[in-house]
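The structure follows.
Labels A, B, C and D are assigned to the chains in the order they are written; within every chain, residues are numbered from 1.
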């Protein structure tokens, strides 16, 4: 239970950061933390007591292997995270170039 | 698993530091520490594939983030905290946390997943695909279609980044007319 | 950057490349795979940019070629997927599986890893290069 | 023949990978490839109609793996309906882009991102696997973030950042929901999840529902989660606005939500009520915010929120008539909202502004744009004989039939307000006095005109021939939704 809950706490720290912080880089960091939390959660879901990595050693006795499917999913999720981070940094850099700041309270040109 | 719990606490603390720190560069470094913590957790939980990927991705993301923040040591401004936004967020976070406490009880115990589908992968993965690394067998054979999507996402992000960082987005008025007539 | 940094970089980049290639080639046997290997190759180029500057890197691998390699990697991956249609299904692993444990085994998996490596390596290199170039170009604009 | 199905994803992906190479040879080739691809997809999704078996169901095993071990593609009534909608609008939007993209640089990247977006949407609509749905959703979403910022002006970058942040939060919540489902059931196949979700897991089921509601609610811009849409949709180039408002929010938001709530988690009366309330809030909130706008595209964007509200209200009723009306409205909205955005684009192309106050008297100068926009305005306001009238009528009738009179009243009020705001658009943009500054304005290029005329013709003909459309297209889709968790038996059969 503790491990599951700590993932949720990590997710909530990320949500809090995105919702409250006023700095573009802080928002990027918040989203990064949320992604870590979900990736961690998936891998924890796939862990088996006393399990080893899901790589078969030819000839060796059959050990307990952990669930490989969540790992495959997380691999994809990591790539998606990298992709969004790259996009966000690119946009943030352009915005910095236009306004000279990362503070969203100063760059809000669009009306609500 | 004491070391796992310790690492989880370390990650949560690191994340809070990253969120609440007033210096951007320190925040970025703190979130990097969380990422490396995650990498060690992956190793502990029997996911070396993910550990390697997380490690290299973390390095790349850090390099990119540091390049974006360095030489722009604008301290965060804390004028005009919006109390409403704070209040709503904190209420949401508390409700969500409490709610998930009850929901997570229904999950199988930590360390005993259901493995409904994965049993097939473990038992027949090697025979059917010929790959010793079962994660590779899943991402490139059983669920290769996902990986095609994954590769396309990265491609999208690369093209998107290149598109966003063009120096000039719109053509000048004159060029339009020439092309149009 | 100083001469020491440049020399050390020149030596380490070779090792990094070798390691990246190893990770990719053994993706179906040991942890790693096309994605991790591709990022490692991109990181080698990032190191090169950091040590030698953006201009000199462009002479090694220009933006144009990075983009072409990326597209070709994507097309190769898609081709391998469509190749499965020969056996009746999209993404069917049609190639012979070989003996488990060999480098040339597991059918299309190593080839897919290779395609992903090209794609990811070239793509991330292009992203990094354009992020750096954008800063340079933006600074020039400010100075004018 | 069945190998047709993966081509809906593989062909646009291949076109996207080829595009940067072609751009280096000749930039006009990208126009050609883009249009060939989308028209091929349109033709294929129409042709699919003739190959469908009587029960409207096709299942494709990717890689030959049987579900739930591998990923399956599922083409049922609902998927086919969405597939046709997506590819129809995509084809007309690419046609329009040939001329319109003269305003922007770097055509190759534009078409690459466009193709990726189409591939992502087709993938979402066709997949039968929950994680695969997430992956393709992200392709379409990331392509759309980049396309919103395509002009690289400061407002566009800001809008895109806002969209990107909300979109990423939504995606993360969705992924968390998928992870919870995997933990509970040990499988990712949607039909298999529906079958093996434990019935007594009350709190977990509720948390998953809330996560999906928030995640897909953000993607479809329902009212409490709508903040990004009025910035993002107007900022994009006009054909992209048409795609975003016309199909993206539906394929990624409404479709995914409906598929998961109805076919995987199973509908409950409480959930149905929540959806109806959210729908009504969106339809009234969107239109009230729209009336005060003076930026043409922004006004249209607020109307998208409102029209999505109608769709959600209809589907939320969970009665046969309601679902049919909601889905029919989804199709109609795709037609007239993309037409309106294309109209706004051609006005912007010639006049160079989106401010209604700076326009006037364009009816004489741009007759095609005016005539088509008039038809679209009548259609969105729900006047007979246009298509919008029928679908709104069905939704209102369904509300009355279910005894939800207040919701019916809200739908009628929303429709009247829509009419008012479009009268304002017509008055300020196309009637009134022509400012002397705009004397030299010409009609939009013929390719743009052709795309608009086709859409306007579709609005009218769907309005007149609607019984056929409903029998052939909407009813099978509604049947798939109404089937509920019977979906799993249908897909997995005796497995």
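The criterion applied here is as follows: a residue touches a chain if its C-beta (ideal position, glycine included) is under 8 Å from a C-beta of that chain, and two chains touch if they have at least 3 such contacts.
If you're wondering where the values come from, they're calculated on a predicted model, not measured in any experiment.
Enquirer: When contacts are scored as defined above, which chain pair ends up with more C-beta pairs, A-D or B-C?
Expert: B-C
Enquirer: So how far apart, in whole Å, are chain A and chain D when each is placed at the average of its C-alpha atoms?
Expert: A distance of 28 Å separates the two centres.
Enquirer: Need the CA-centroid distance for the pair chain B / chain C, whole Å please.
Expert: One centre to the other, that is 20 Å.
Enquirer: From the C-alpha centre of chain C to that of chain D, how far is it in Å?
Expert: So the centroids are 35 Å from each other.
Enquirer: What is the distance in Å between the mean C-alpha positions of chain A and chain C?
Expert: Roughly 23 Å separates the two chain centres.
Enquirer: Which residues does chain B have that touch at least 2 chains other than itself?
Expert: 48-49, 53, 57, 60, 64, 68, 100, 104-105, 107, 113, 115, 117-118, 121, 126, 132-133, 135, 137, 139, 141, 143-150, 152-158, 160-162, 164-165, in rising order.
Enquirer: Residues of chain C that touch two or more other chains: which are they?
Expert: Expected reply: 29-31, 33, 35, 67, 70, 74, 78, 81, 90-91, 93, 100-101, 127, 131, 134-135.
Enquirer: Using the touch rule from the top of the page, what residues of chain A touch 2 or more other chains?
Expert: 14-15, 45, 53, 55-56, 58, 69, 75-76, 79-80, 83-84, 86-87, 89-94
Enquirer: If each chain is a dot and touching chains are joined, what shape do you get: line, ring, star, complete or other?
Expert: Shape = complete; every chain linked to every other.
Enquirer: Contact residues on chain D for chain B in the complex?
Expert: So the residues of chain D in touch with chain B come to 6, 13, 16-17, 20, 62-63, 65, 68-71, 99, 102-106, 109-110, 112-113, 116, 119-120, 123, 131-132, 135-136, 138-139, 142-143, 145-146, 149-153, 156-157, 160, 180, 183-189, 192, 196, 198, 201, 203-204, 206-208, 210, 445.
Enquirer: Within the complex, which stretch of chain B touches chain C?
Expert: 48-49, 51-53, 56-57, 59-60, 63-64, 67-68, 126, 129-133, 135-137, 139-141, 144-145, 147-148, 150-152, 154-155, 157-158, 161-162, 165, 167
Enquirer: Which of the residues in chain C come into contact with chain A in the complex?
Expert: 29-31, 33, 35, 100-101, 127, 131, 134-135, 138
Enquirer: Sort out for me which residues of chain C touch chain D in the complex.
Expert: Checking each residue of chain C against chain D gives 64, 67-68, 70-72, 74-75, 78, 81-82, 84-85, 87-93.
Enquirer: Chain B touches which residues of chain A in the complex?
Expert: Touch list, chain A to chain B: 1-6, 8-10, 12-17, 19-23, 25-26, 28-30, 32-33, 36, 39-40, 43-49, 51-58, 65-69, 71-72, 74-76, 78-87, 89-94, 96, 101-103, 105.
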